[in-house]
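One chain, chain A, links the two complexes that follow: it is found with chain B in the first and with chain C in the second.
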Partner chain A sequence: MSNLNSIQYFIPELFLTAAILALIIVDLFLKRKQKSIIAYLSAAASLVAGFLAYQQFSLPATSIFQGMLVLDSFAIFFKILAAFSTVIVVFISLDKFRETAEYFILLLIVTLGMFIMPAVNDILMIIIAMEIVGLISYVLAGIHKTDLKSTEAALKYMIYGAVSTGIMAFGFSLIYGLTGHTNLYDIQMTLASGHVNSVAMFIAFMMVLAGLGYKIAMVPFHFWVPDVYEGAPTPVTAFLSVGPKAAGFALFIRFLVTIVAHPSSGAADTFVQNVDIQAPFLIAVLAVLTMTLGNFSALNQKNIKRMLGYSAIAHVGYMVMALVVFNKDAFGAIMFYMIVYLFMNFGAFWILESLSSKLGGEDIEHYKGLGYRDSFTAVSMAVFMFSLTGLPPLAGFIGKVYLFAAVIKQGWLILALLGVLNSVVSLFYYVSVVKAMFLKQDDELAPIQTSLYHKIMVLILVVPTLVLGVYWSPVIEFTTNSIGLFFGR
Partner chain B sequence: MEANQILFIAIALLTVLSAAVVAFSNKIIHSAFALLATFTGFAMLYVYLSADYLAVTQIIIYVGGILILIIFGVLMTHKIYSTTKKTAHNSILVSLLGGVLAAGLILFIISLNPWAANIAKDFSPTTAVIGKEILTNYLLPFEIISVLLLGALIGAIFIARQEDKEK
Partner chain C sequence: MGLLSLATFFPLLGMVLILFIPKKNISAIKIVALVTTFLSLVLTSYMWSQYDYSLHGINMESQFQFVEHFSWIATYHIEYFIGVDGLSFPMVWLSSLLSFLAIIASWNIPKAQKGYFSLFLLLATSMMGVFVSLDFFLFYVFWEVMLLPMYFLIGIWGGPRREYAAIKFFLYTLAGSVLMLLAMLAFYFNVTDPVTGGHTFNMLHMFDQNNHIGLLKTFDGRFWLYIALFIGFAIKVPVFPFHTWLPDAHVEAPTAISVILAGILLKMGTYGLIRISYPILPDIARYTSYALAVLGVINILYGAFVAMAQKDLKKLVAYSSVSHMGFVMLGMAVFTEAGINGAVFQMFSHGIITAMLFLLVGVIYDRAHHREIDGFGGLAVSMPVYTGIASLAFFAALGLPGFTGFIAEAMVFIGAFPVYRVLTIIAALGIIITAGYILWMVQRVFLGKLNPKYENIGDINTRELSMLIPLGILTIFFGIYPMPVLNMMKMSLNYLLTLIP
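The block that comes next holds the complex of A and B.
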């Protein structure tokens, strides 16, 4: 579609861009005390952008801007998810960054990147979208300039990020050399017609995995996770663990169904590889490595943020595991898991963020006896921990059931078994937090008073975690409707 | 050997040798100046690929902009001439192995595959074509990059500025 006609399909992104510019100007006129207006406005902006994206849901799938982007329900699903996660992060960060208007503006720019990332249809757009999300995330991680750990996190994040993006760009240059196209659909056509050496394609695939794996924190590109998660301010950590990761998964799936595979002519729901490079097997190995390493490293962590960092790696492992089967069941399961993960992870990080100053730290021992000091928060934290483990009847359990079901249905039994065993391992460290909260009573510590704001935020996040565990059919229907992938120029 | 080939080898040697100086020199100022030759060598190689626009951009942006910035940074930094690298060079064997492995991999891929696009050998100006493409087929990336740059600018200013003292 030509550029001029495409603009009408680009309204959410245009609105977001206009909001970013408007907020930069509004910021100039505000006094220091009034800066929190920017926070509310940025939450409103991303809410409206998410709503505008939802308006596009029923439009026929098409490609826009001369084949640079696609507009399909798959992309729109991840746009809504991105907008929603930004809204929650704004409210998580409200207290800490009340006077830092730049933080919220940067958050909106990342949201714009996350709006573009699931919709890419060209190698060039992949790199630009990843850089928008990446570059701004480095700043967000180091936004506490005087905090040594935050600065260290930003620097590590940036150096690893630059290297992995460089390797990915090199991989893309190989793919361009192999096929002569930058458009993903054209690449798919050229690869499927044969004439491309599978070894060269395999090496290019590995190189691209370096960039994608970095974005979603997959082993062996996970080095940055523990340090960045621990060093970055908690709201930023929460944001990085959900928003950009969801967009990264969207990009990963888009990459798999275009460059690596194409829809099979027989069954409409499955994909076959363009060039046989054993991609499913390779992804399976990486998935097992990712969850095992994440879970076992999390076992002896003292700091909850760091532990959640390693557990985030493990959760990526479960989701990557579903990618091996290359069909729409698996993509739907990942999308559903992303929704569930959003609530439980944001919940855990919100409690960390709002309580760490009251408890004196983020280590597990600081949470000793919390059950007797603030039972509401402690019970909610326990719900998030059990849901992250995947125990019934919580949302995390249903999410995992769908992931495992997709894998088992295609006969990857050993893979599913390893995943279940990993879940058992993860029970140990999640429960250690619960144990500290409830089984270690300390009479000397006084009860904690929490604000109404804190309670409402916890409720907003804990209720879906509970409800989705018993009544999830509308959500799974929504994700199933959202797997309309568009292929074309 | 034709004059053309001799020129090419000379340019390639200049690029590779100066890049080696950048990597191995112990004084950062030597690295900075060697980078000048590396970037210029790149620009000349682009000319060989009949990418005239890219060559000029390389000189304007890298040689004229980024390199000057690096040298300024080096000159403004206190005691830079006497400072040597704090980190020792890592084990030569490991680095050499990694480098040879990567080079072997790339050579292997190059030898394997019939490459798709042929480079037009004749030299014709590309600027007009690039300009037209940027404003037609590649309009969206061109515009989106401006948002990326805006964000990078805000982030850089935020990180670099001094906090106000009045609070």
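The block that comes next holds the complex of A and C.
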């Protein structure tokens, strides 16, 4: 589609861009006390952008901007998810960044990047979208200029990011060299027609994996995660663990179904490799490494934020595990898991954010006896922890069932076995938080009073975690409807 | 909503009510817990009076009773499908009875009563749910939900090593249940629904070998799935190498929770094997039966010997459970009518007897604040009534004729002897060792010279009697006239045997 015609399909992104520019100007006229208006406006902006994206849901899938981007329900799903996670993060950050208006504007810019990431249809767009998200994320991680840990986090994040993006770009250049195309669909066609050296393709695949693996925090590209998660301000950590990661998965899936595989001729919902490079097996190995390393490193953590950082790696492992089967079951399972993960992970981070000042820190130690000081928050935290472990009747369990089911259906039983055993390991560290809260009674500590705002936020996040564990039909239908991938120039 | 759902979810309703009662109003909390579990017991008892003894259940929906069958998650073929037959109903009734009695046993729980009773009621619902579920997914959800309250009940209200015991219980059982999850999903994808042609979690469809496809057509697939399921259930039983969580959990748990653990939770393992593993994979059940029988005999002997070595009264009772569950396994493994009926009757009978034993240990612990067997002596002098009831319970555990335990064990031996002669003879030695440790313990605790420390110890009180006497009557009644239970079981179990090649 020509550029001019494409603009009508680019409204959510255009709206976001306009909102960003408008907010920068509005910010100039606001007094220090009034800066929180920016926060509300940015939440509204991303809500509207999400709504505008939803409006496009039923449009026929097509490519826009001369094949640079695509517009399909798969991309729209991730756009809505991105907008939604930004809204929640704005409210999580509201207290800490009340007077830092630029923070919220930066968040919106990342959201714009996350809108483009799932919709890419060209190698160049992949790099541009990833860099929009990446560069702003570095700034967000280091937004506390005077905090040493925060600046260290930002620097580490950036160096790793720069290196892995560089490697990925090199991988893409190999792919371009092999096929002569930058458009993903053209690459797929060329690769599928044969005549491409599988060794060269394998090397290119590995190099691209470096960049994608870094984005979603997959082993062995995960080294930045614990330090960045611990060092960055808690709301930023929460954001990084959900929003950009979801967009990263969207990109990963898009990469897999175009450059690595193509739809098999018989059934449209399964994919076969363009060039046989043993990609499923390689992904399976990486998935097992990712979840095992994440879980075992989390075992000894004293700091909950750091622990959640490692556990986030483990959750990536579970999701990557589903990717080995290259079919719509797996994509649907990952999308469903992202929704579930959004609620439970944001829930845990929100409690961490809002309570750590009252408890004097974010170590497990500080949560001792919380069950007797503020039972509502403690019970909710326990719900998030058990949901992250994957116990019924909580949403995390259903998410895991879908992930494992996708793998088991195709007969990867050993992989599934390693996955479920990993979730037993994860129980140990999640439950250590619960243990501190409920099993260690400390009568000397006074009850904690929390604000109404805190309670409402907890409720907003805990109710879906509970309800989706018992009744999830509408959500799974929505995700199943959203796996419409578009292939074309 | 039918009777069975009501009976299952009454405790959960009680939990919701309790959440709205202020923390300070302890008596209201207790009364809600008592009333809801009592109503559940009344309902299951009423259902027993309405029970049709001529239906066999097992693999036909029309043969089940009190069936409720609704769609839950249509896109994934998950159903809310519950019902009872002769295999599950005795356990359903027993769990409603023990839940009610355990609430009485928890009457004086020292702290955080609101949390305790709400968690307990959640536990009660999930236990009932496990026994009534006929949809594998539903079964799994109930099975797992049980772990959460159990973890807290042991971990918060337990003894000195409660944290260790609670996490050990949690990790062990979760490790088992994730294997079950794996097997469940594998069954789901390798079974077709005869009506719709899609996949299904409906257990009854899984039982029909004609619905099996793919993995379930291969011996290796069937074998490994059976093993995965078996480990999941074996940890719960607990079968010998997986038993180490049991003594810790039982000893550290508060009395009422030990009652539930030993009385109901252990039976879920063997129940699951008979309900799920046997009908889905009958050939593998047959193939591995000798191993199961050997494990059963190991359980009998090992449990009995270790029980003999215990200094702690509660640990002794805990290991005696390991030993008694061995009889269930031996009876299950032989596929004779007497054997399998004996096994399930042993599940029922051991549930009653071991509940009494744990309650009795609780009674003495409340007074003496320790459970050292050698720390007592001559209690018969200062606590005559208690000694009377305790001897009754311990003799029942020992398998004396006139009590349920005797009937169950005798049936297991009768059933097992023609099949595995040597094993049965070895297992019979277990009876002697059991008599040994029980009589030795009775002698040290109740007979001999009165320990002057306990001269003025109070005898058993009315509340405690009100729990023990019904159980005592039941074990004698069913020990003399077991037909109400046996008739119910035999329809289902004898039919089940016809399914096994």
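Rule of thumb we're sticking to: the second predicted complex is superposed on the first by the 489 of 489 C-alpha atoms of A that agree within 3 Å, B and C clash if a C-alpha of one lies under 4 Å from a C-alpha of the other, contacts with A are read in each partner's own complex, and residues count from 1 in each chain.
As a working rule, a contact is a pair of C-beta atoms (placed from the backbone, for glycine too) under 8 Å apart; a residue touches a chain by one contact, two chains touch by 3 or more.
All values reported here derive from a predicted model rather than from experimental measurement.
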Consider chain A as the common anchor and indicate whether chain B and chain C clash or fit when overlaid.
-> fit
Does the superposition put A:Thr179 against chain B (first), chain C (second), both, or neither?
-> first
Scan A:Gly166 for contacts with chain B and chain C and give back first, second, both or neither.
-> neither
Go through the superposed model and pick first if A:Pro220 touches only chain B, second if only chain C, both, or neither.
-> neither
Dominant toucher of chain A (residue count), chain B or chain C = B
Look at A:Gly360 in the shared chain and tell me whether it touches chain B only, chain C only, both, or neither; answer first, second, both or neither.
-> neither
First, second, both or neither for A:Leu106, with chain B first and chain C second | first
Figure out whether A:Leu413 sits in contact with chain B (first) or chain C (second), or with both, or with neither.
-> second
After superposition on chain A, the shortest CA separation from chain B to chain C (Å) = 40
Which of the residues in chain A end up touching chain C in this complex?
-> 372, 386, 391-393, 397, 401, 404-405, 408-409, 411, 413, 416-417, 420-421, 423-424, 427-428, 431, 435, 438-439, 441, 471-473, 476-477, 480
Chain A partner contacts - residues on chain C that touch it in the complex | 72-76, 111-112, 140-141, 144-145, 147-148, 151-152, 155-156, 162-163, 166-167, 170-171, 174-175, 178-179, 181-182, 185-186, 188-189, 215, 224
Inside the complex, what are the residues of chain B that reach chain A?
-> 105, 108-109, 112-117, 136-141, 144-145, 147-148, 150-152, 154-156, 158-159, 163
Note: in the complex, chain A contacts chain B through residues 3, 6, 17, 20, 24, 65-66, 68-69, 102, 105-106, 109-110, 112-113, 116, 122, 124-125, 128-129, 131-132, 135-136, 138-139, 142-143, 145, 174, 177-180, 190, 195-197, 199-200, 203-204
